[in-house]
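Chain naming follows the written order as A, B, C and D, and within any one chain the residues start at number 1.
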Amino acid sequence: MKGRTFTRHVKEGFKNIGRNGWMSFASISAVTVMLLVVGVFLLLIANINYMMTEVEEDVEIRVYMDLTADEEDQVELGDNIASVDHVESITYLHRDDGLDEFIDSVGEENAELFESLRDENPLNDVYIVEAEEPHLTETVAADIAQFSHIDDLDYGESVVEQLFAFTNVMRIAGAVLVLGLMFTAMFLISNTIKLTIINRRDEIQIMKLVGATNGFIRWPFFMEGLMLGVIGSIIPIAAIITGYTYLYETVREGTMLSFINLMPIQSIVYEVSIVLFIIGAIVGVWGSLNSVRKFLKV
Amino acid sequence: MIEMQNVEKTYRNGVKAVGGIDVFIGKGEFVYIVGPSGAGKSTFIKMMYREEVPDKGVIYINKTNLAELKRRHVPYLRRNIGVVFQDFKLLPRLSVFENIAFALEVTEEKREVIKRQVMEVLDLVKLKNKARFLPQELSGGEQQRISIARAMVHRPAVLIADEPTGNLDPDTAWDIMSVLEEINQRGTTVVMATHNRHIVNTIQRRVIAMENGRIVRDDSRGYYGYEG
Amino acid sequence: MIEMQNVEKTYRNGVKAVGGIDVFIGKGEFVYIVGPSGAGKSTFIKMMYREEVPDKGVIYINKTNLAELKRRHVPYLRRNIGVVFQDFKLLPRLSVFENIAFALEVTEEKREVIKRQVMEVLDLVKLKNKARFLPQELSGGEQQRISIARAMVHRPAVLIADEPTGNLDPDTAWDIMSVLEEINQRGTTVVMATHNRHIVNTIQRRVIAMENGRIVRDDSRGYYGYEG
Amino acid sequence: MKGRTFTRHVKEGFKNIGRNGWMSFASISAVTVMLLVVGVFLLLIANINYMMTEVEEDVEIRVYMDLTADEEDQVELGDNIASVDHVESITYLHRDDGLDEFIDSVGEENAELFESLRDENPLNDVYIVEAEEPHLTETVAADIAQFSHIDDLDYGESVVEQLFAFTNVMRIAGAVLVLGLMFTAMFLISNTIKLTIINRRDEIQIMKLVGATNGFIRWPFFMEGLMLGVIGSIIPIAAIITGYTYLYETVREGTMLSFINLMPIQSIVYEVSIVLFIIGAIVGVWGSLNSVRKFLKV
């Protein structure tokens, strides 16, 4: 293809967008609206994922030591635990600190009640162990359980299992949702673009009759589709960036919503923007080529 | 130049528009196709530039067998043929100038060449002053002239015109005819379907008369009329 | 019947298509409008059934002042006028029968009446056997005849035809003309824009010649020609 | 309008759907896809709402009675509380039952520790009061606080407030989301229908030129739009009914997901179906009339 022909195709693509007025608007707005929805959901899913991971990270193993174990035994046990594979960290919690923690947790109302226990602390000293990966917790716990001087060992088996079940369900559901939405968006957008092009089947027919090759006919439509998709992704990208930044700041400064822990801006917003841009471009090109092909036969 | 051997065409709804045509049109000829409405003139013409494909028989254009022509070579065939369509087929979104330039752009011609040739043919059909108009802003006759201009702009070896004077007043029709005669004199083959008895009888050329999809008469210096 | 006083029409692109027309066409008249391409014939005609609205002047149809006609009454005006459009304007999705029946359905006529009248006009234009075809399956001349049939099917008081014989061979054209003459004899006013010199000179009726948007001649038993 | 004319319009509407083939398919699939999305979200939001309400209902006021109060005082207090406006229910909890409850709640690990307390139960007797509406809890609590023989009164001020804040955020977010999706759907669908009709502007133009009134032109399009919308809502409705029924049964029988408490089928599925049906019909009619109007001018 000669250079000036390429230039012509690009120009034609742009001109057509202008000439088709309402049609172009319909396509662009379809892209805009759907990318907005897809974008919001990508952010939502990514954040849920992120928070889930944080929750998972809190999973810990509590190793209650024998009341009879002396300091030496405790140190030995600590070293043993440290040598287990996939152990991330060990923290020692003295029985008195444990009681403080407990009394704190029961709430002010009942706190006084248990102050009396201070004199004769019935609790054990504890090692709090974290595995490198939350899902390794179970194997690490099993390894530790073999050491001596352990009174009891607790890693909230049921909680961990439930949590994993739940996060897995959430992740799969999220992925299915986003994929579904993306295909919905692609389908609707390419539908719209198809309709705008069906509107112009006469045009394609005439082009062919005056001797245009299929490639020559396709290029301007290709460019037009690309532009429609890309233009359609501008608003969603802008909205995602400003909207998420605003939300992030609000949540971080807000006191009431402190339990919500959003993903930091840089890591997610730009990735989502790029995804939206690419979807827009692909859908635009695909939608227009797809329908042009229909009229290129004969 | 153009040769048909035993060509037949039946449309999908069962209408046999063309039934067994043998014809040879030499380079540089000027041929009228006449015949009653529905005789198959347009179908006959459409098969030459492959808008319709015959069910039977062979067609040679410039020694190319259309049946063996690969689909991707069809555009190049069409660039050698200028067609004036019975229903004009102008692009409603493009200006008059763009509509005509279009037929040159597909050949990847230079901008200045395109511009010069378009203005030339617009001058020929006397519509230079309406170059920036849209087709729907033109009268029926003006649209027809644009359609003729487009067919001629890339100086094809064959010019096929389906009823090119149908919407024209006699004076404009004569102007167009003199243009067609001139480009014919320069060596272009002209095939023209027409109902205009006056023109056929005055500019006497070869006349192929069709009826019910068959050639019923073929006179090298004929007159209008097909019942004899 | 039809009266125009000092009517002017300038299109939005600045083209003055009609510039100051005064004319009176009586009930039952048969009038040819002739003139070169772009003279304003179609525009003149379009203003009668209000496809275009004049910028200036008044038009009376059957004593109704079109300028004062409420928009919702326009359909009833149009039902009294049959129009043959220069570009046919057939609905591509509807069969030939449905295309014609359509003009009657809008008047909420009975099914059997519609059917009878449609078959009658199809017979008149000799296309009874193509009633179930789609417009694009017809030749140019056949489409034109369908367009004529549709214009006549509801037996309008005025029949306006823009170039009704443009795509027809002489024989079919004469058939159509005899139909137009007959319905004119039954009392219908007929206004017909045409380029067909032969017809105008043979069936001599009132001829209004236009040039550059003005009436340059108005002969009650005229001949074709507008240069004097 | 005469009867046969109406019949004609209905027939024409149907015929047009057939004649327009691909166009009709595009419109119907736009309706289908978007109603599916709207339906899923309506169900999701309704269920979240439902679960939130269940959680809220658990909000209760604990009235701790003076240790010195005798049985008569306690009965009097009970009567007083019962006379307060918006009190839904009162339950008496003896200090021993309270201790049982407490020991249960601290978990097996620490249970033994507190068994010793049984001898000298440090707890108060308690009235557990529920307000008619969760949000009335605060006022009811204030009223009760004025009575005598009360040692302390507790209704988890901060928890209630947080919960309300959270459920309110969720509800508003949900409503905004569903509304947004509904408008998105309506916009896209009517876009598609508009495009299919723009494709037929010649048709409308010709109808007008042969003397059809605007009403006569509009009716078949009205019918067509209605049909497109209604047909488009069939699949989503079927999918919602079967899908939700299946989900509901699975969750109810599943042991692992027992913490999920879905809304019963009858109450929600049919409401959502009706909403989808209505949206489909409105969108279809509105989309087609909207675009027909454009071409009725002149």
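To be clear about the criterion, a contact is a pair of C-beta atoms (placed from the backbone, for glycine too) under 8 Å apart; a residue touches a chain by one contact, two chains touch by 3 or more.
Since this is a predicted model, take the numbers as computed values, not measurements.
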item	value
Farthest chain (mean CA position) relative to subunit A	C
Length of the line joining the C-alpha centres of subunit B and subunit D, rounded to whole Å	67
Intercentroid distance (Cα basis), subunit B paired with subunit A, Å	62
Centre-of-Cα separation between subunit D and subunit A, whole angstrom	26
Where subunit A touches two or more other chains at once, by residue number	none
Residues of subunit B touching at least two other chains	none
Arrangement of touching chains [line / ring / star / complete / other]	ring
Each pair of chains that touches, named by its two labels	A-B, A-D, B-C, C-D
Footprint of subunit B on subunit A - complex, ascending	1-2, 4-5, 8, 16, 19-20, 202-203, 205-214, 216
Complex contacts: residues of subunit C adjacent to subunit D	49, 51, 72, 75-79, 83, 85, 89-91, 93, 102-103, 105-108, 110-111, 150
Residues of subunit C touching subunit B in the complex	11, 13, 15, 34-39, 41-42, 86-87, 133, 137-142, 144-145, 162-163, 166-173, 195, 197-198, 224
In the complex, subunit A residues that touch subunit D	22-23, 26, 29-30, 33-34, 36-37, 102, 106, 109-110, 113, 117, 122, 152, 154, 162, 165, 181, 184, 187-188, 191-192, 194-196, 198-199, 256-257
